[in-house]
Structure formats: C-alpha cells, structure tokens
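Presented sequentially are two complexes of subunit A, the first with subunit B as partner and the second with subunit C.
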Partner chain A sequence: MSTVDSERTGLRGRAGEVYGWIDERAGTTELLHKGLYEAVPRKGGWAYTLGSATLVLILLQLFTGIFLLLEYVPSFQQAWISLDFLQHSDRFGAAVRGMHLWGAYTLILIIGLHMMRTFLSASYKRPRELNWVSGALLFFLVLGLAVTGAMLPMDNAGYWTLVVVTNIPHYIPFIGTGIRTLWRGGDFVGPIALTRTFAIHIWVLPFLMFALIGGHLALLRRHGEFGAWVNYSTSSDDPEREITGRIRAAEPPYPTKRIERRYAAPRETVNFFPFQLGKDVMVSIVLVAVIFVMAFLFGAPLDERADPSTLTYTPTPEWFYLPLDQLLVFIPTTWLIGFGIFVLMGAAATLFTILPFIDRSTHRRPLERPEVLLPGLFFAAMIVMLAVLGITRLYNL
Partner chain B sequence: MALPTLTRRQWLGITAAGSGLITVMLTLPALGFVLSPLFQRQRRETYRVGPVDDIPTATPTALTVGVSSGEAYDTTRVDRTVYVVRRQDGSILALANTCTHMQCNVHWSTELNQFLCPCHGGLYDLEGRNVGGPPPSPLPQWVHELREEDGQTVLYIENRYDESI
Partner chain C sequence: MIRALADLHLVPVPGDLVTNGLAVAVVALLHVQVAAYLQGAAALSTISQGIALMRPDPRHERFAHGLVTSMAYVFGFGAALAIFWVIWILTVLWGHAWVDLSIVTFWPLVFEAGAFLSEIVLLYAIYAGWDRLSAYPRARFGMLVLLTVAMWLQMDFIDVVASYMLTPNHGDTNQLAQVLNPTSLPLQLHRTVGNIAWAGAAIAFYAGFSYLRATRRQRRRREPELAGARSVGAMAATEFAGTPPSDAAARRGYLDWVGQWGVLWAVMMSLFQIWIGYSYAKEIQLHTYSAWFRMMRGILSNVFLAQIFLLGLIFVLGSLYFWQRMRASGVSRLWVQRLCFVGLVLATLLAVQPAWFAVDEADVIAAHLDRPWWDGGLLNPIGDFIPWKVFALIALMVLGLTSATSYVRAYSEGRVRIGETTRRLQVVLLALGMTVSVMMMVMGVIRENGRQPYLIHGELTIQHQQVVTGPGP
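Take a look at the complex of A and B:
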C-alpha cells in the first residue's frame, strides 16, 4: 500500500513511509485530490483570485487578531495602556497591530472588488443565488468587524467612534433607543460598552463569519466557478452541438445543474491545481507582502488616551465609513435620520442582498442588462460622491 | 428486557418535545441576560463640580468633573464636561457638551459665538438651543442644583441629563 502512495505523492524513503502510514488511516491523498483537482474555467483566472484572496485576508485577520489578544486588555482603564505598551515597548507589537489594521483595509478593498467582479459577470444568477446572498452577508460582517475593531483601542479615535456608531441605532423608530442601550449596556459610553463591543468583535461576528464562509465555499464547490460570459461563447456553425459536446465532456463539478444549457459547462477548463491555485497563491502573497510593508512603514496609529471631556478633539470616521458619515450631514432632523438611514440604507442593503431574485433575466453580458448595471453604477457613483464630499468637508479642501 | 423499537414518528415526537424544552431552558436565561440593561436601574450619584460665582455672564465656561455611569458594576469616574452658562438674569445653566445629533463633543466657539459640534457642524446658541446643522434638539442639561457653602454658590450635578437624547 505505502509503495503505491509514495509513487503517487513522489515522496521517497522514510518520508514516503510516514506519509503512507498516515494516508492509509486518514485518506489524505483522496482528500487532497478532491480539493485540488476540480475543473475551473480557463479564461479570467486572475479575476477569480479575489475570492481566495478574501479568504486569505480573513485568516490573516484571525491570526494577527489572536496575537493582539495576547496583550490587549478589553477594559476602559487598561485598553489604551496595554496598546501604548504594545506600540512603544514591545519590539514587534506595533508591526502586528499594523498588520491587523492594514489587513482590514486591504480586506475591505478586496472583498469589494470580489463583489464587483461577481456583479459584473452576473455570476450570482441561478443556481448560484445563495452564493451571492452568503457573500453579501459576509460583506456586511466584514464591515461590522471593521467598525467594531476601530472602537477597541480606547484612544480618542476609538472612543468617539464607539460613541457615534452606538448612537446611530437610536434613530430607528420605536426600538432604536433600546438597541443603543443594549449595545452600550446603559446610556453612557463606558466600560460596559467597551466589553460588549469587544465580545461582538472577537466572538459574535467571527463566529457568524466562519459559519457563512463554510456555506459559501461548499456552494462554490457544488456549482463550480461560473467565471464570466467569455467562457461560454461558441465558435462553430452549430452552437447547439458544440454546447452538447461540452456538457458531455464536462469534468466535475460541471455541468452545473439548474442553469441554462449554454452556461452549464465552460468551453475550456483547467485544473484548479496548479493553474488557478498558482494564481491564487501569487495574488495572496503579493497582498500579504503589501500589508507587511505598510505595517512596518506606517503601522497603526494610536491617538491620545480617550478623553470623554475633550473640547478640542475632532472625531473623524475611518475612510470606509466616510460615505455614511457624509449622509448623516445631509439628513438633518430626527425623522429624516430615522427615514434616511434606516429606510434608505435598509432598502439599499436589502436590495443588494437579494439581487439574484430581482435580476432574473438570462442575460450575462454586462451590456445586455443595463437595467441592473445602471442602478449599480449609480449606487457606486453615489458612494464615491459622498466620500469625496466627506473628504472635502473634513479636510477643508 | 429488549428496548422497544422506535418508529420515526415516535422519534420525531420525542425529539421535538425535548429540543423544545432545551430551547426554552437555554434561551430564556440567555435572553434575560442579554436584555438586562433595558431593565436595570441606574445608581444616581451627585458630584460637586465647583463654585460658580466667578463665572461671567454670557460666556460659557467649561468645568470638568468625574462622573460614574452608575450602570451595572460600573463605578469608574470618567471626566465629563459641564458648560456653565450664566444668563443675563443671573440664573445658571449646566449644559452637557453632548451633541444631540450623534453625541459628539461640542465646544463653545468664541469666533461663532455659538456651540459648535466638530463632527457634522451642528450649532447651538448660548442657551443650548439647536440653531443650525443637523441636531434635532437642544443641548441637554445635567440634572443639577446650586448649594450655598461658606458664602459661595457651588454647582452639583447628578450622573444624568434632564432629558434623554
């Protein structure tokens, strides 16, 4: 038995024997084959690295986050002191914290690009609707983690983020004040608010996140990577025959079930390993290297210790939160905030999440579905405009 | 004695009843625990802010006092700002510097002659009335009282605002 395995794995001598022993009991080779030798569309492989990069960046956050937990103290009195020590007296502390911050920034950027790629290529259509829904929820969880993470340092920036963000739910009609009280553990922002936010940041959101990631990946393997319309064009005089041939020759996980015939199998596929995985690894290495460099060059800022009585500090939101902050400026009175933030934002978030059930046409090319593309572009333009206005306001440009 | 064989229907009945019971046992305390801040009573405390006799008319003066939230286990006294305003008639306002929009830290701007919130540009006049920008209501006041001590008027505040914001 073990000789066969060592031939398959190319491991020789002692290492081959050890591997063979493990493989006989754990079935590692079979597992690896299942994981690695799946067909993926040939064209556009670089665009499909964004999903795996998102996963790698989330794992990096988990990894650096665990290290931060070794020193950070989630207490109103000691949080800032522990981070001040980590920043200035601990040889590598600033770098680890820097990686956690720049990792978060990069993650938001990459998950946004991943989402845009999926949107433009209409990969979310039947039967991959739940891939999109789980992905949209993951996107919200990432934003939730980003904003709760910004609250924890208990420097001025963190404290005022905690104050402002926990205050936002209070504008929801009827139940809003209750939500604020539950998040803060009272009316004031103090030790209880910090502990609760900490628990949300390190347990509640990551727990939901890893459950959803499992589902997201299982769905991906079930239906196979859609890719984009470029993988489904036909070149012969008899497209029907060409498609039939494709479906007949398809390798798992293709042909995709419950989809229009022409999108059941890509015209050309490659093995996930090494072709796609090679690109995935390269992109992830570059991203992690960028994060590493940014962490060492710029690190993560730590403001003065939180001063709830300050008269001089100007709270400014993190960049990813700027469009929403600018929206707050535009919507003045109470009912408008309740309406503006919760009806408007709630409707936008809901429409975004259930996109596959709204856009039910069979078109996959961007130009063939202006009814989805134009609102999408409008939405993106609004966000960019709000961000630009926010920057202009905050930095008096 | 042989165990009686279980039909699927019986299994379903037992499991449904059992898991229902477990669900109730697990969620009721958990729910009560999570919701407890809604029902807790704040411990009211009173703090001595300081004498206010020298505070000039129509010039808000920021005083600082350590205030505990009095919520749950929290006894930490955190510095908070009390803007003392003496009106023309001599009466005193004890404004909190908490913006009613997003609870940012407002300050008295001598240039504008108004309270300014640095977050979204909310403006309040000398009396704390919201006069510009997004704030929906006036600045709250600390619940306060003035006591005469050794010929001085001393301001005391409680750890709560006169109205919920």
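Take a look at the complex of A and C:
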C-alpha cells in the first residue's frame, strides 16, 4: 500500500493493504467522502432526521420480513398454522412478528410526519419537484404494503380484510369487476387470492418501493437538502451581494440555475458527518428501541383461524385506514361509494402527488403561502378527526 | 326533624311548558353560550399570545389581553349561572336523573369539577397579573396554554355525561363504555371546533358593533359643529379638533383587524362541522334510532332544516364579508369570491330542500330498519341519505374553504389593507355573530327534544323525576 493510500484511508498494515486494493478498484474512499462530507443546511437538522428514519424503518421491515418468510407458508390451509407455530413455539417468532407490525405502524407515522415537514418548509419547490412526487408515491406504496400485509395471517381479521379490500375495485364502472376477479382469481376469495396478495406484498410492491427509494436518494444527492426557509435569510445591507457570495462559495450539488437565487445556497452549512448523521442515528436508535419495546410488550395479535362462514364477526380496519373507513360513512348510497373512493379520494391523492406543480409561487415561508397552507392544514386536521371519529365506531360496533 | 322529613310528600315533576320546558331551555341555552364562548376564547387568546411571542405584532398581544379581560367578566356570570343550573334544574327539577347521573358518571363529574376549579385559579391569576407577567411573556403563554387545556378538559368530561344521556350504551356503566360511548368523541370534536367558531363569531360581532359605535359617535360629534361652521377653513378646523384623527383611525384599524380575524375563525372552524355533524348524526342513527328519527324525519325535521340553513348562512355571510372586504380595499379580479358567494347561496338552498317521507317510526321498526345489522337489524351503516344533500354539503365545504383561502392570500400579499372597511361590512359581522348564536340555540333545542321523553335515553324519563311538595297529610 502506498503512503498516499495510507494517508487517505488512515489504515495501516495488512488491513490497509486490503482496503487499498479494494479502494483502487471501487473508489470507496471517494464515495465515502462524497457521502459523508456533503454540506447540509445548519438549521432545522432535527426535523431532517425523519427522512433517514423512514429509510431505517423500511430496512427494518425488510429484515424482519425476511425472518418471517422463513416460517410463513402462503397457503390458505397452512398460513394461520405456520403463524400460530411462529407465535407460540418459536423462541423469537412472536417478537420478530411484533417488530414487523409495530415497525409498520411507526413507519406510517414517520413517513407522514416527514411529508408534513416537507410540506411546511416548501422543500418540494423547484428543483425538487420529483423528490416530492417520488416521496408521495412511496407513501402510497407503504400504505399498500401495510394493507396487503394485514391480509396474510388468514385469521378472521386477515381473511375479512382480504374480502373487503379485494371487493373495493368492483365499484369502478365497467372494468371494476374484472379487476376484482383478477386479484381474487375468481368471484370469491380463495387460495389464489392469498397467493396473489402474498406476491404483491413481498415482490411487486417492494420492487417498486426500492426502485423509488433509489430514485429519491439520487435526487436528494443531486439537489442537496433544502432544510428550512430560516437557512436562507440575509443579514447584510446588500442582500444581492450576500446571496451571490453564497452561491459562489457553495459546493456542488447546490443548484445555481433555474431557481430563485435566494434559495440556491443556504447561509450556513455543516458537514453531513458527523453533525447531521449523529442526529439521524440518535433518532433512528430511539425509534427502533420503541418498536422493540412495543413488540415485546404487546406483540402482534393473531385472531382465531379464518371462518368464511361466520355471521357474527365484524371486520374492522387498521388504524391508518380509519379516516378512509369513516369517510365511507359519509357516503350515502352504494352508487356513490365509487364516487367517494375513486373520484374524491383519487382527486385528493392526485392533488397531493402533483402539489409542486400546483404551488408555483416563489414563496417558501408558511405564512407567505396561505393559499397552500390553509387547505393543506385543513385536510390534515380532517384526516386526524376522521381517525378519531373512526375510533368511536370501532369501539361501539 | 326526622319525623318532618319522613312526612315529605313526593310527586312527579309537573311537565308543563314553563317549568320543564321554557325555563329549563332558557337557562340551558344561556349556559351553553357562555361556556362555549369561554372555551373558544381561551383557545384564541392562547393562539394570539403564541403569535405575539413569535413575531412583533402588538395587535395579537392586545387581542389576547382583551379576550382574557372579557373571559374574566363573562366567567363570573357563567359560574353563577352554572351553579344555578345545578341547584335549580338538576337538583330540584331533575333530582332523580341527577342522582343517577352522579352515580353512573361519578368520575367524569369529579374531574369536571376539578377542571372548573383549575380554570378559576388560572383565569384570575392571568387576568390580575397580566401587566406584571409582561416581563415573562413565555410564562404568560404557558399559563394560557394550561387554561385552555383545563377548559378543554372540563368540556371533555361534561361531554362524556351529555353524550351518555343520548347514547348510554344500553345502560352500560363501565367507565370506558361511558367515555367511548357512541356519540362521545363526535360531540367532543363537534364542540371543540364549534366553540372556537362561536368565539370567533362573537368577537366579530363585538368588533362590528364597536366599529359602528365609534364611527357613529364621531359623526354625531362632528355633524352639529360642521353645520355651524361658516367657511371651508372653519369646517376643516372643526374636523381635526377633539380626538386626534390618528388615534381614531388606529382604533378603527384595530377593530377592522379583529373583525376579519374573528370571521376567519368562525368560517374555518365551521367548515369542519359539516362532516363532524354528519358523523355525529350517523352515530345517533346507529345507536339511538328513535331520537334520530325524531330529529331527521319526525317532528323536529323542519327545525333541523332551519339548522342546516343557518350553517349555510354562516358560509354565505363569511363569503360576502371576504368579497366585500377585498372590494373595499380595491382588490381587483374578485371573480373567485363572486363565484364562491353565488355557489354558497345555491348550495345552501339545495341543502335545505325538505324531503317527504311516507313512513312513520312504527313502519321502520316493523321492517327492522331501526337497528344496524350488527345489532340484528337491517340498517346499513353507510345508510340512506338524499344524494343531492351530500353534494350540497361537499359544495359548502369546498367553496367556503376557497373563499377563506382567497381572502387570506390577498391579505398575506398586502392587498387587503387594514382600516379600509365600511360601516355596511360591520352589519355583516353583526349578522354572522347573531347567526352562530341562534344556530347554537336551535341545535340545543334539537338535541334536548330529540331525546324526549327521556333524560337518559331508554333509561329514565322526565316523568320519573320527583319533587317535594311539602309535608304530607
């Protein structure tokens, strides 16, 4: 190993030689430098930990999911038995399943907060529109993973979730019944419905999700973190000159073209490592610890084995689908359910996804863009209230 | 003494209009208006104090102080009224129900009383120490937060009792069953946002009234003097005499700002009511069908239409205010506001169309349509509702939100200039305040009469109450 390599990597002896060999071919040190010493805005770092926490939680789902796959049998007859075995006879089975469940709950909460933070700080504005679009699609994929995961245990809750959810597409005019049949593999829920849902849960959605995560991270690296508007204030008598100085001093990848100059480069930056990474690690550790404790204390419920002939079981949605469930209560007649689900919810989801293309103003401070903030907060409050109303209905069914 | 007590003669409470009807209604409705204002005003004063901490806007500081002062005045009357309510209505007229409720909902009532005492301590400490606490604005903000929480908790606990009276879970006395009875959370959400809306409307009313009074006084003071002046120069001298115009203008500007701030809260919070109220009614339908039938298809259905009309009127008046207020500031291109106003009028008219039903409650019960399917009936939880009314309600929400957003946008861009209002706009503020007040009364009448003849639905009627008429024979 050359002296130069030794200085670059800080490793000596045999280990240094091995690392130097790899580094020469893979450019590891350069990659690490690029990744760790990126300049990030100084203020608002704690709010920015939600993105990395989301990634950590997705990876936790991946790992715990792999462990569950070692014992779960995706068969109509065997699914519940395999989970019952895992729950009661496997030493760590219940804990791993609990972590998968509580990890999913925490992930939905954190990804929601992450999007709320992005919304409030207007980080989705040019040139970061595609970051928002990919993030919104990731959010929908996570919800899809959560609901398909809830169908797999083949206990009463899972079976009836499968029945209800696979029935929803048939409200689409003309093609709805065909989609339902395609998913179920027939008119009724049977073995094929479970196999297809399993495939969607472990292959289709994760594939799309990891592709989007790759794109999301690449875009983040390309445009840098925006932080919050507080990082872009000016303090001198000549703000234009101050901004020009900042742009000149800024390291790539901060964009200097096709963006409002003020928001091209933040006033103060710190290195991603150790300042931001330290915060990221701390938040992620706390979240994983909370999931771990919840998994041990409460675990994941496994209902009685599915009984398709039961007349007494009342299916109830998971908490994150309570707002949608409660929304259905507002919809009076069957023919309007299609309108509610596909027109109202479709319009809301589309508006949510294309938000950066609707909010074209140059303003970033929340109080300077009430035309977006007011409806956004109204609908966020509406979602929370619908969930609260849904709790009442669940308890009193 | 014991002998005399034993000789007391108990008879059922007379169910006439004056004692068990009108008098109860007057006290109850007054109590609701005062209590709701206090809770909403506490939230708004906390928000304004929080804003004053974040940015140097003296109007928010002044507004928070004004609200605390008004709360201190109103609280005294409200507390006396509440005590009168408990002693006269609950103990004397509805003694049996009160004893039953005190047993069943003992802990919620204890916590409610605790929250009430906390409010007294906090409110008067903030009121009396406002100036001294100026040196510690964060402490003052913290105390206001505590006051709001105490107010909210008190409402929360009393809502548990009130909702239990309407949907008592088949008399289930389990604590969780009481707290999560079917209409408990809907009622709490309904009142949380409704109280803030009411406080906003009351503040707008006050601002409008004060503005009219201030400008009327100025007119009266100046008119004779102006008439008596013999030259233009003398008239100008008279005009600038007395109160310096800058002070008067500042006062008018502040009242204008308070008025629009109140309208915004009244309209924005009422937007939530559309679907929270719907959800509340749905839970009544699923769990206390006879009360729901009385309200929606029975004797109270026309009163309910009046209620929906008043809800629509809140948005119509709000939209009219936003539109004309922008116009008064010379804002151009007001087609969005015009469109919202017309749309809101049409949606309100659509929502109040009566629907005629040939069925009566007995027919519905015979067809097993009075219970949801999980209770063995045939009632669809999604239920039947007149589709055009759903579209009307959606239109009210979307157009109301658009109108408010359009106004706030113009305000944030500096296109709405504070102080440039008109006397006519103040009349809209007065009308809005009156509308919300009347709406609360109508709502109270519907809720209390919907439960009739029960005090605790399905468990206890008014005729079960007893009063002491004096020593027996």
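By definition in this document, the second predicted complex is superposed on the first by the 391 of 397 C-alpha atoms of A that agree within 3 Å, B and C clash if a C-alpha of one lies under 4 Å from a C-alpha of the other, contacts with A are read in each partner's own complex, and residues count from 1 in each chain.
Simple rule for what comes next: contacts are C-beta pairs under 8 Å (C-beta built on N, C-alpha and C of every residue); 3 or more make two chains touch, one makes a residue touch a chain.
All values derive from a computational prediction rather than experimental measurement.
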Which superposed partner A:Met382 touches (first subunit B, second subunit C, both, neither): second
Which superposed partner A:Glu71 touches (first subunit B, second subunit C, both, neither): neither
First, second, both or neither for A:Glu17, with subunit B first and subunit C second: neither
Touching partner for A:Leu328 - first (subunit B), second (subunit C), both, neither: both
First (subunit B), second (subunit C), both or neither touched by A:Glu129: neither
Subunit B versus subunit C as contact partner of A:Ile337, first or second or both or neither: both
Partner chain(s) touched by A:Glu371 [first = subunit B, second = subunit C, both, neither]: second
Which superposed partner A:Glu242 touches (first subunit B, second subunit C, both, neither): neither
Partner chain in contact with A:Ile391 - subunit B first, subunit C second, else both or neither: second
Common interface residues of subunit A - those touching subunit B in one complex and subunit C in the other: 314, 328-329, 331-334, 337, 393
List of subunit C residues in touch with subunit A within their complex: 169, 180-186, 189, 268, 271-272, 275-276, 278-279, 282-283, 286-287, 374, 381-387, 390, 401, 404-406, 408-409, 411-412
Interface residues, subunit A side, partner subunit B - complex: 76-77, 160, 163-164, 167-168, 177-178, 181-182, 184-192, 307-315, 325, 328-329, 331-334, 337, 393
Residue ranges of subunit B in contact with subunit A within the complex: 34-35, 37-38, 40, 42, 62, 64, 69, 71-74, 76, 78-81, 97, 101-105, 107-108, 118-121, 133-134, 136-137, 159-160, 164
Subunit A to subunit C touching residues, read off their complex: 314, 326, 328-334, 336-337, 367-371, 374-375, 378, 381-382, 385-386, 388-389, 391-393, 395-397
